[in-house]
Amino acid sequence: MTGTLFLQTLVDGLILGGIFSLSAVGFSLIFGVLGVVNLSHGIFVLLGAYLGLALKEAWGIDPLMAIPLVFGALFVLGGLVQITLVSGAVRRGSLMSSLLITFGVSLMLRDLIILVFGPDVQSLSSSWLFDTFRIGGVIVDGARASGLIASLLSLGLLSYVLYRSKVGRAMRATAQQDFAAGLCGIDVKKIYAMTFGVSAGFAGVSGIIVGLINPFTPFDDTHWTLNAFVTVVLGGVGSPVGALLGGLMLGGISTFSSQYVGSLYPNVFIFGALLLMLIVRPNGLLGNAYKGSV
Amino acid sequence: MTVLTIESLTKQFRGLRAIEDVTLTVERDSITSIVGPNGAGKSTLFNMVSGYLKPTSGRIEFDGHDITGMAPYRICRQGVARAFQISKPFPELSVQENVLVAASFGRAGERDAKATTTRAIDICHLTPLRDRRAGSLSIGNLRRLELARAIAARPILLLADEPCAGLNDAETRELTNVLSKIRDSGVTILLVEHDIKAVRRVSDRVVVLEAGRKIADGSATDVFSDQAVIDAYLGTAPA
Amino acid sequence: MRGFHKPISSRQWGLSALLLVGAVALPFVASPFELRLAQQILLFGGLAVAWNLLGGFTTYWSFGHAAFFGLGAFAAGLLGQQLGPEVPVALRLVLGLLFAMAVTLAAAVAVALPVLRLRGIYFAIAMLAFAQILGEVSKTFDVFQGAIGFTLPILKVPGLAKVQLFYFLFLVFLMVCIGLFVVMRRSRLGVGLTCIGQDEDTAAMLGVPTERYKLTAFVISAVLTAVGGVLYSYSLGFMTADTVFRIDISLNLILYSMVGGIGTVAGPIIGAAIMILLTQVVLGDLLDLHMLVTGAVLVAMVTLAPKGLIGLVRDMRRRREETTVEEGAAS
């Protein structure tokens, strides 16, 4: 039995890790390209979930089908936030200002969510997702399985865009040397806005998947922001692979510590891992995808 | 009397010998300049004297103590100050406050910090600017602030890293005057400099490096008429 | 350290004395509601000043000072429980404060050694994580009773209502914080920290003992914050992990400093007064909008007046002086 338990824990960890990865990849991208720690990231994740909820309740759109719509909406929102609010802080080169501004944005958006949807617990359950299936004693339910698949697909898509498309190349160039990228004819402002948009879009998509699996409240955003930060610090800055690695590690730490140590402990372990990594290797296992390790 | 003795110093970076078997001495109260084409090893030599790089072999003796491979802050405490080419003042502090910090926290300690500061500012021709915010200074003034800060720590030896780079003729002239005054105030100077005119004007002695080796050592007049030096260095640049 | 700051002028002394007299007289004229507001301004103003002992001089901005706030409160709560009811309340509070200070001192040193090696945002986030861990640990392990909490005995002084008593305790706390800040700013330590704030590598090169100075400021700031946590919990009469390990406390300290002016004495207190009055009086009935307004104020301040209101006033005054000088020169 212990073998099965171990395997079940491992599978749960992987699934959770896939979701962590997706929810963190946008955070990682902004950190890598703009050098900004986006404290409004968690609220973008929640906005995705709440938009999914609104679409479902208004027009009965299945949450998974709503993914493109949510991505589009958050892409626009993220881009606007960057252009109107964050860009000033980036121009001044003040990391602290960007930290505070994005925190202010998160407070405002959280309040708006509460005003529109109320402070109570909500969920995005979709009836057909509750079927469970077993593979050799390990139980997986439909919501989690589709969550993992959607996460991996999205991460793959983002990798493709980053490494194969012109926009992706411009993003990576801007991350390395924004000034030089500007000299080469890249519209750095546009790339920054795009990066913010893409990042917010992916956060929103992950919000839908989170919403399918877990109930959510407007106060969860700190949790998701911190998770994203831990994921980036574990895996590495700026790349989908780093986010995947960090997310899987975070998922593993989370499920194994709650299975084998106690259900109340995961956060202690997660933040302990964060502190340890910050001190030992603050740029993550894979380092910064764009810049040499500092 | 000798302040600094460098004995058969060598620094190897992987396959490259940046400094090879260099020996030289610096006399008290003199200005000794190190010149040479780019990549000759001037900065490497400086970094070893100030402790930022550990030599592969050889020995550095300062003021009677062996300082080979010592940590920078300990060398600094022994009395070696360094003025950087890219000076980094505290931008929000005034010129006077910048120098006062160096005087108070440096080797001398807080006693007489005020008097030391006034003197350093005066030597470096900064008295009219002493209440200006350091962040608002021009590059020439910044270089002199860097020197003032370095000597406010009351060093025995000052390492000056290309203080004239990027300055116009008038600024260079003022800076070489300041260097002479610093020497006359009792601080020995080791200078790395590209500007040959400036080097001629201030140096008591000139050492020429090329590809990590010392190829000449003597008075400015002697060294700059040496055929090997002209071939290796001056021939390549219109001086 | 001499030569860095002008001596405090007699006008400044006079103004301070006047403010103090006003503050001492207030509890005898104000209504209980007004006093409770004033209490909060004193306490959180004091905490914001304490935060500035490190964050005001340097760019080491702790996003997790609630850790020390909570640590102090828990230390005092646990000790109070051990002492039992036969010990007088006042003595319990004093012993609790001393114990909280000792525990926080030890914890702050232990945390600072690794965390102060991190710079900028990494330091900020590491502190945030540290505060989260302490909060979780206090809830998870039964010995700390974080989830249930403690009931704290009621402190009574004859002739003073409870709200007046804690008003005076918070006033003393604020004055201690101000005193430490002013003394520190004028000391060698303060000058060294200012240099660290502007360029840490250069400061080290000029002989500023950066590690020791950062540690000193961090520890003093942490211990003061712990004292604030103990006083706050006694004023509430109870405490749980959720009343003290609050992320919003950490962030409010930064917000108050930011609004008033980081690195100044009056700034954090003015900031605390403005934000507390704004949220509790102006928007008193509009609880729903507190976060929205707080967020908007934060964004607006960072974007439009990054040096806070005091910085804004100073800049305006400087500009006016410069123009008068130019006009004088022209005429």
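Note that the chains take the letters A, B and C in the order they are written out, and that residue 1 is the start of every chain.
Criterion: a residue touches a chain if its C-beta (ideal position, glycine included) is under 8 Å from a C-beta of that chain, and two chains touch if they have at least 3 such contacts.
Bear in mind the structure is a predicted one, so any value in this text is a computation, not a measurement.
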Message = Which category does the touching pattern between chains fall into here: line, ring, star, complete, or other?
response = line
Query = Chain pair with the most contact pairs?
reply = A-C
Inquiry  = Closest chain to the protein's overall Cα mean, using per-chain Cα means, please.
reply    = C
Query = Distance-wise, how many Å sit between the C-alpha centres of subunit A and subunit B, to the nearest whole number?
reply = 51
Task = List the centre-to-centre spacing of subunit A and subunit C in whole Å, with centres computed as mean CA coordinates.
result = 33
Remark   = Taking each chain's centre as the mean of its CA atoms, subunit B sits from subunit C at a distance in Å of 45
Query = How about subunit A: which of its residues touch subunit C in the complex?
reply = 37, 85, 88-89, 94-97, 99-101, 103-112, 114-115, 222, 226, 229, 262, 264-265, 267-268, 271-272, 274-275, 278-279, 282
Ask   = Of all residues in subunit C, which touch subunit A in the complex?
value = 59, 61, 114-115, 117-118, 120-122, 124-126, 128-130, 132-133, 136-137, 139-140, 247, 251, 254, 258, 288-292, 294-299, 302-303, 306
Task = Note which residues of subunit B are touching subunit C in the complex, please.
result = 72-73, 76-77, 82, 88-93, 96-97, 100-102, 104-107, 110, 113-114, 117, 149, 153
Key: Touching residues (chain side subunit C, partner subunit B) in the complex   = 1-4, 188, 191-192, 194-195, 198-199, 201-209
